[in-house]
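Each of the two complexes below includes subunit A, the first together with subunit B, the second together with subunit C.
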Partner chain A sequence: MEVKTEGDNLPTATPVVKDGPSVQIKVLFFAKARDITGLTELSMEVSSGSTTQDCLNELVAKFPSLDEIRHCIVLALNEEYTTESAVVKDKDELAIIPPISGG
Partner chain B sequence: MNSEERTLVEILDENKIDLAKYINYVSAPSAGAIATFSGTTRDTFEGKTVVELRYEAYVPMAIRNLKSICHSARSSWDLHSIAVVHRLGTVPVGETSVFIAVSATHRADALDACKFLIDELKASVPIWKKEVYSNGEVWKENTEFLERKSELGKNDGFCRRKVETEAPDRKGCCKAKVKVEEPVHTSSS
Partner chain C sequence: MESNGDGASRILREIEALKDEKARIEEKILDLEAQLQEEASLPHQQQQQNESVCNGCCPSVSAADANLAHGLTADSIYRYSRHLLLPSFGVQAQSNLLKSSILVVGAGGLGSPALLYLAACGVGRLGIVDHDVVELNNMHRQVIHTEAYIGQPKVKSAAAACRSINSTIQIVEHEQALRTSNALEILSQYDIVVDATDNAPSRYMISDCCVVLGKPLVSGAALGLEGQLTVYNYKGGPCYRCLFPTPPPTSACQRCSDSGVLGVVPGIIGCLQALEAIKIASDVGEPLSGRMLLFDALSARIRIVKIRGRSLQCEVCGENTTFNQQHFKDFDYEKFTQSPLSTSPPKLKLLAPDSRITSKEYKERVVSGEPHVLVDVRPEHHYKIVSLPKSLNIPLTSLEARLPEISSALKEQEEGTRSGANLYVICRRGNDSQRAVECLRNMGFDLAKDIVGGLESWANDVDPNFPMY
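This part shows the complex of A and B:
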């Protein structure tokens, strides 16, 4: 995976990875989020008990350009809108939803 | 056709929307009104010439959301049938990208529910469009979504309920379709 190293763009809230059980989730990128990451989906391992916000922090660390749309995206967990405090479980599907424009 | 309530939600790939099919779907002898909304691709945006629109969706979630919105509409209005269809992929200028048909016994229910459905679709259903100009392209953003964003994900925040308004009870002015001649009684009470 491509890792960008511009230090200025690194998020300040990178989660601390603890030893212990972890869960595997699938992340989906749509529209502008897909353009930014160059990926439609990604498999990600996060520590057990991580919230969707923790996952988003890790994603922004991996793809610093995601930070530019961070304030305007919403998250969906297993096909339903969720909050940033929701805890992800193994095999969950987390979707990054940039501003929608259907119709 | 039986009289049970029917709901049809479809996301189409690269096919023209057959409007008649959805109007037929909601038609029923007991439905005195069919309201439809058709969203079509415009040829200009802020002076720029639009060549085409490209749509994509988080399909399983979009279908779930649309069904939930239809369910919500039924709880607010007395409806017979609902059909909601959205097209994905490239939609050339002038063609329909979204079509909604609602039937009801009376037109007020059909018209109000039809507006509610398109407003909710634009606010919360995960579908995206990229506007392609002769000299560039941009991902569009619905203002309805930006206004609703903070509510999404919270309990019940996904689908806004109908705003209840106090409708004046206007009986007897011009409302009756059947005119009944009644003898005029004058009263001095």
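This part shows the complex of A and C:
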């Protein structure tokens, strides 16, 4: 796994596409997504034109257990509600927010 | 002189004694007045709402005499003066609050601070739903309860605490579990609902019920070091199902009793729930609708994320929904979320009886000196809390990778004996140990057996001094 443990520097994932322009996004993990990945955030390079769905696919490939919560999350792009078809831009912040039930 | 001095001190003592008695009598009167208010209000709650503030405790003439158009009594003006002094809150918001009714579902980590603040701030009628009793392991976060109430219903304890803070409001105790059979009847008696529960099926049930009844819902949740807060079903905003149409898989549902929670985290979220409920009840400010607050305790960060609006396709609140009160009553929330409404942990039954032994049997085998290996499959941080002597900690998640350690431990036990060594597996409550034994047997450890009920049964049946958590 290319992802290093979390420190002051953001861990980075290997670029998906080596040729063609790419964009760098930051992924924020919450609740169960944090438990699964062991990370609070992750810097990720994806080919430009990628949708949030592409990013999710990428993340599930990297952390297969994310698949189990994939259909029960709120996705936010730059702190705003987003759908899986939204295209990500450079320096975007994608938040993956599963619900918490505890109290 | 001396007789005079004696006389004076005798009189002083008598004055003190009478003062004490007076204080006791006054306390008793306040208590009885509060009881009377409650008795009188139950049969006709609607009518009561407007009157509850000044019933009993203060003569109703004072407001009229002072020509107070807003209807606040002299006592209320003094009690809530710091609210009244707030230009953006003031008399109007306070009297809205005094006329409002709020239901808090759950008197636990979230409900404790929410209830304390809602009672203090002067919500006219405050309802509490809970069916649990106070336990020692609640005390670190459920700050409304005191040690004296351990073993007693949380509703009783919480209601007593609220009354001791504010005897002028009406506190209603609903000492029962919220179910589809009683939810409509209970929730319909209130203007606003606060979800302070701790499980997924309750969250869906409360949200659906609020949609059907048209009540705003202040929903908070906390686990570990994180908290979430949103206002649902408020003035055309989304409901819980708009956001989460598919329930999370059971494996993703975590409970405080399994995953732990830092006490102050639900405290913070519960306070924010009180704040949102107060804003809605008093009609002040901008409630957190269409937005979700995410609280991260470790990094000291609060993020507010804009969430989707009402979903037209939502099964419960969408355009073409047919969901109504009858559907609600018939809906099986435990089946929908595949998890129980109660907080009691599930009891798995994966193994055949001959693959299991009781904690008492295990104790006998230890005493008889039987060669064996005991594997404790709890996570390492659980093992650090307490463990049985000579047990080998291999967490369930790393079991497959660490099988060689079990093999070599068994070999060590077998040295000098003619028969093979037995393999026992234990965990906290006896669920993970069954999963582990199933896995071990598949991997060729045919003698593996789990200890029924785990360390919990060890503490109950073998060693009452064994610490439980």
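Methods note: the second predicted complex is superposed on the first by the 81 of 103 C-alpha atoms of A that agree within 3 Å, B and C clash if a C-alpha of one lies under 4 Å from a C-alpha of the other, contacts with A are read in each partner's own complex, and residues count from 1 in each chain.
Methods note: a residue touches a chain if its C-beta (ideal position, glycine included) is under 8 Å from a C-beta of that chain, and two chains touch if they have at least 3 such contacts.
Because the structure is a prediction, the values reported are computed rather than measured.
**Q** Following the overlay on subunit A, give me a clash-or-fit verdict for subunit B and subunit C.
**A** clash
**Q** With the two structures laid over each other on chain A, which partner does A:A31 touch: subunit B (first), subunit C (second), both, or neither?
**A** Both: A:A31 reaches subunit B and subunit C.
**Q** A:G20 in the overlay: touching subunit B, subunit C, both, or neither? Say first, second, both or neither.
**A** A:G20 sits against neither subunit B nor subunit C.
**Q** Taking the superposition as given, does A:S101 touch the first partner, subunit B, the second, subunit C, both, or neither?
**A** In the superposed model, A:S101 contacts both subunit B and subunit C.
**Q** Is A:E80 touching the first partner subunit B, the second partner subunit C, both, or neither of them?
**A** After superposition on chain A, A:E80 lies in contact with both partners, subunit B and subunit C.
**Q** Taking the superposition as given, does A:E68 touch the first partner, subunit B, the second, subunit C, both, or neither?
**A** Touch partner of A:E68: subunit C, not subunit B.
**Q** Between 41-49, 59-67, 167-175 or 257-265, which subunit C stretch has C-alpha clashes with subunit B?
**A** Residues of subunit C that run into subunit B: 257-265.
**Q** Touching subunit B and also subunit C: which subunit A residues?
**A** In subunit A, positions 30-32, 72, 74, 76, 79-81, 95, 97-103 sit in both the subunit B and subunit C interfaces.
**Q** Report the residues of subunit C in contact with subunit A in the complex, numbered from low to high.
**A** 106, 108-111, 196-200, 203, 220-224, 226-228, 243-244, 246-249, 251-256, 259, 261, 266, 292, 294, 296, 299, 303-308
**Q** Can you list the residues on subunit A that touch subunit C in the complex?
**A** Per the stated touch rule, the residues are 30-32, 34, 40, 68-69, 71-72, 74, 76, 79-81, 95, 97-103.
**Q** Sort out for me which residues of subunit A touch subunit B in the complex.
**A** Residues 28, 30-32, 35, 72, 74-76, 79-83, 86, 95, 97-103 of subunit A touch subunit B in their complex.
**Q** Which of the residues in subunit B end up touching subunit A in this complex?
**A** Within the complex, subunit B touches subunit A at residues 39, 55-58, 60-62, 64, 86, 97-98, 118, 121-122, 124-130, 139-142, 145-146, 149, 152-154, 157-158.
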